[in-house]
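Some structures to go through are shown next.
The following pair of complexes shares a single chain, chain A, combined with chain B in the former and chain C in the latter.
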Partner chain A sequence: MELLSAITEFAAREPKIYGLIIGLVAAAILASVINVVAMLLVWLERKVMGDLQARYGPNRVGGRWGVLQLGADAIKLFTKEDIIPRGADKSVYVWAPIVAVATTMLIAGALPFGAVIIDGREVPLVVANMDISALYVEAVLSLMAIGAFMAGYSSNNKYSMLGAFRGVARMIAYEVPMGVCVISVAVMAHSLNLVEIVNAQQNIWFAVAQPLGFVIFGIALITDLGRMPFDQTEAEEEIIAGYNTEYSGIRFGLLYFQEYIVMLLGSILLVLLFLGGWKGPVIPVISFISPMIWFFMKLLIVLVALIWIRVSLPRFRIDQVTDLGWKILLPLSLVNFVWAVAVGLYFA
Partner chain B sequence: MERLLGIEPPERAQYIRIITQELSRIQSHLLGTAEFLTLIASAVYSPFLYMIIDREDVLTCIESVTGARINHSFVRFGGVRNDLPDGFKDMTLDTLKMVREKTKDYKELFLSDSIYRRRMEGIGVLSPAEAKRLGVSGPPLRASDTPYDMRREDPYLLYKDLDFDVITRKEGDSKARVEVRLDEIIESCYIIEQCLDQIPSGPIMAEGIPKKIKPEPGEAYYRVEDHRGEMGFFVASDGTDKPVKVKARGPVYAYFQALPPLLEGVYIADVVAIAGSMDACTSEVDR
Partner chain C sequence: MIDLAQFYDIRFLMDLGAFSILAVLILGFSILTVWSSNMVHAALYLLGAFASVAMLYVSLNASFVGVVQVLVYIGAVGVLILFAVMLTRRTLVEEESHG
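On to the complex of A and B.
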């Protein structure tokens, strides 16, 4: 109690420093939680992929289920030689993985990770609950291409460069329909705040209210995550490993890991925008965390769906990807926008 | 070699040779298609692994006869080394039934997959004239609307007694090449089933093959339809027990001759779609 009162006193005396400290602590906790969950996600992906393909997947390290496989992989990546190729733009090359992970982590700050019920009131778990969080997340998602482009550009390798080009072309083609979808959702929810958007889905999910937007956003999201069938940036059969061809050791580890962090955060965004976030019937006995349970169940379904899509579709060609983005998804997303405005006005 | 020696292997041995050859054609086409899929999709594309699993059953059949999975050097001058084991017929018929059903599924899957079709249709079109000029044979040639199959053109073993179609496609693109392979799997199943029905009992080695083989001076050339195309063996003898010259003409070398004109001015992603659909085994190029 003494400690608590001391903290309150400090907060009253130095509100700015207090805010800074709290923010840093929250950011540290958030970053570590996300990293652990993303690691579990790598494990989940390998396991689910194994099941879908009549294989075992990881089954040695950490008991029958191979849970610690990722730990072993991480140790291997840490101890491997870190090679910087001759002729590489050294500082850009070194900073690229860090920029990639950092820009990704920026998303996490504004995303609510579910909610808990305290005294019959929902408290969303979000670090920075800003008014325009949906717009912010959307903007930072497009920043991610910069890390990949830095990596590809600085490697002094034609395949890396091709991968980087593809990444940027794809990002430009898909950020636009994706943004229009986010705006359509915001129009219906009368807010750009992600918590408000979730609250607006109390009665009906936006996936039901605007199915077209849901599909477009889903496709654009897979593209942004760089997963099959849109993994042209690192199509190993065509351009070796794309933008991360030259990377090794822990730098490669960071770039690789970044993809899974984005996958996690992107799926959370999809759940928040279209699948009603943490909304769901209250589960009686454990009502305290029932929103969390709903949230994670939806998240898990989205993640498994992403893995399923990955193992069952061939890869598009890059010109077909940009064609799809500009010629099909963009007009359709505008149609969806009109629909959202019309329906929004009708019910308003 | 047998042509040079003037030996005719017994009928049963010839049937066994056909059966093993068609079985390895099935396994080769399954693997070729599977590997091709990893090229246009990725290494985690599921049908790739499903095909590998199917192929495993076919390999088990081959192994039960020859004792080896892929490189079964079990053909002898004048016959074969092993007879078919007990229960071979049932096991093989079961496997063939499975392979046939699965292959139909794969064909349907590829027809219904719009991404696959966008990647494959009209890509790497090889015209019949061009294919012949470059010496391409096997499935890529037949995909270019040319019914050229050694089993039909120059029947060896007992292929002239067997009923089968030479699969062709009009388009000559990557998609057609894969379809020809898948159809040939089904056709091979049919050939093996006929062989299993017709196979007579009898010896599996011709009589009177000497321990040390000294053919008369002369030359012989023998062509077979390999999984990948026309495969020729040339042997020249000067009457001793060592040949003067042995030359194997593999089909894949010609595939690579066809690639430069096909690959001119295409997208990088199409390179794998074209080269992969040829099913060119790189180690076979250099003989």
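On to the complex of A and C.
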């Protein structure tokens, strides 16, 4: 208790230094938690994919469920030879995986990871509770193409280059409808703060209030994550593995892992913007973590749905993808924006 | 005249440190952009300069301008420059850089 009061006093006296220390500690905790959860996500994907394809999936390392399979994979990737191809643009080649992971981790700082109830008050678990966190996340999401571009350009390989091309073209096409959907949500919630957006969904989820926006945002999100119906950047049958064709060892591991971190963070964004975040009926006995339970249940459903979509749908051609983005999703997202403004004004 | 008591205040030093690091980053990236003979490297350095400017805005408590800087300059202008540079022929770039 004495320690707590000393900390509070220090916080009041030196808010800047206190903020810096808290921010660094929270960022360190966040980075490690996200990495562990993303590792579990790789395992979940392989397991669910196995179930959906009527096979076992990983079942040897770490008991019957193969939980430690990813640990074994990580050790394997760490010990593999790190090959830099001849003719590669070496500095860009080395920096690309680092840039890819760093830009992805930037998103995590602004996302609330659920909430806990302390003294009957909801306390959201977020590192940086900014007024403009939705806009920030949207801005940082558009940086992800840069890491992929650097990887594709520097590999000195035609397939990698094509993958990078496709990635940038797709990113430009889908960033616009996605941004319009985020703005529609912000208009309805009267705020760009993700915590406020969740609080605005106390009575009705935005997935119900603007179903069109939910569908468009979902499609644009799958595209941004580069997952199955839209994974033209690494379409195995066409361009080997796209921008990470030449990568090996731990650099490949980073690029591969980055996709799962993005998948986790993107699903969290979808839950926060459209599925009511941590809102749900209070569970009696364990009421203080009931928001967390709702949040993670919704998150798990979204993640399994993403894996399900990946397993069941065939891949589009690249021209179909850009057509869908510019000719269908963009006009529809504008319709949704008008709808959001009209409904928002009516109920304001 | 710098007040010494103020100069040794840790808050002032933190602000000064943040500004100095960002100033060095912005200047360094800008100079590298101009001096780099490889067009793609120049474009990437330019993105670095944009990102540093965004951080400078955030450190000046103008976080909205910082986010818009990321959204417009890195997300749109920077990626457009990268796209345009990718469409240039690589051999041409190399000839020019050596000639």
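Structural remarks
We adopt the following convention: the second predicted complex is superposed on the first by the 333 of 348 C-alpha atoms of A that agree within 3 Å, B and C clash if a C-alpha of one lies under 4 Å from a C-alpha of the other, contacts with A are read in each partner's own complex, and residues count from 1 in each chain.
By definition in this document, contacts are C-beta pairs under 8 Å (C-beta built on N, C-alpha and C of every residue); 3 or more make two chains touch, one makes a residue touch a chain.
Keep in mind the model is a prediction, meaning the values are calculated, not measured.
Upon superposition of the two complexes on chain A, no clash is found between chain B and chain C, which fit side by side. Within the superposed three-chain model, A:Phe316 lies in touch with chain B and out of touch with chain C [touch as defined at top].
Of the two partner chains placed by the overlay, only chain C lies in contact with A:Asp89; chain B stays clear of it. Once the two complexes are laid over each other on the shared chain, residue contacts for A:Lys327 go to neither chain B nor chain C. Applying the stated contact rule after C-alpha superposition, one finds that A:Gln232 touches chain B and leaves chain C untouched. Figure note: vertex chain A, arms to chain B and chain C, all at CA centres after fitting on chain A; angle 120 degrees, rounded to a multiple of 10.
Once the two complexes are overlaid on the shared chain, A:Met171 sits against chain C while remaining clear of chain B.
In the superposed model, A:Met49 makes contact with chain B only, not with chain C. Look at A:Ile17: by the touch rule set out above, it reaches chain C but stays clear of chain B. After the two structures are overlaid on chain A, the closest C-alpha atoms of chain B and chain C sit 18 Å apart. If you check the complex, the residues on chain B that touch chain A are 37-46, 49-50, 53, 113, 115-116, 118-119, 267-272. Residue ranges of chain A in contact with chain B, taken from their complex: 49, 52-55, 162, 228-229, 231-232, 235-239, 310-320. Only residues 14, 16-17, 20, 89, 91-92, 130-132, 135-136, 138-140, 142-143, 145-146, 149-150, 153, 161, 164-165, 168-169, 171-172, 175 of chain A touch chain C when the two sit together in their complex. Considering their complex, residues 10-11, 14, 38, 40-41, 44, 47, 63-64, 67-68, 70-71, 74-76, 78-80, 82-83, 86 of chain C touch chain A.
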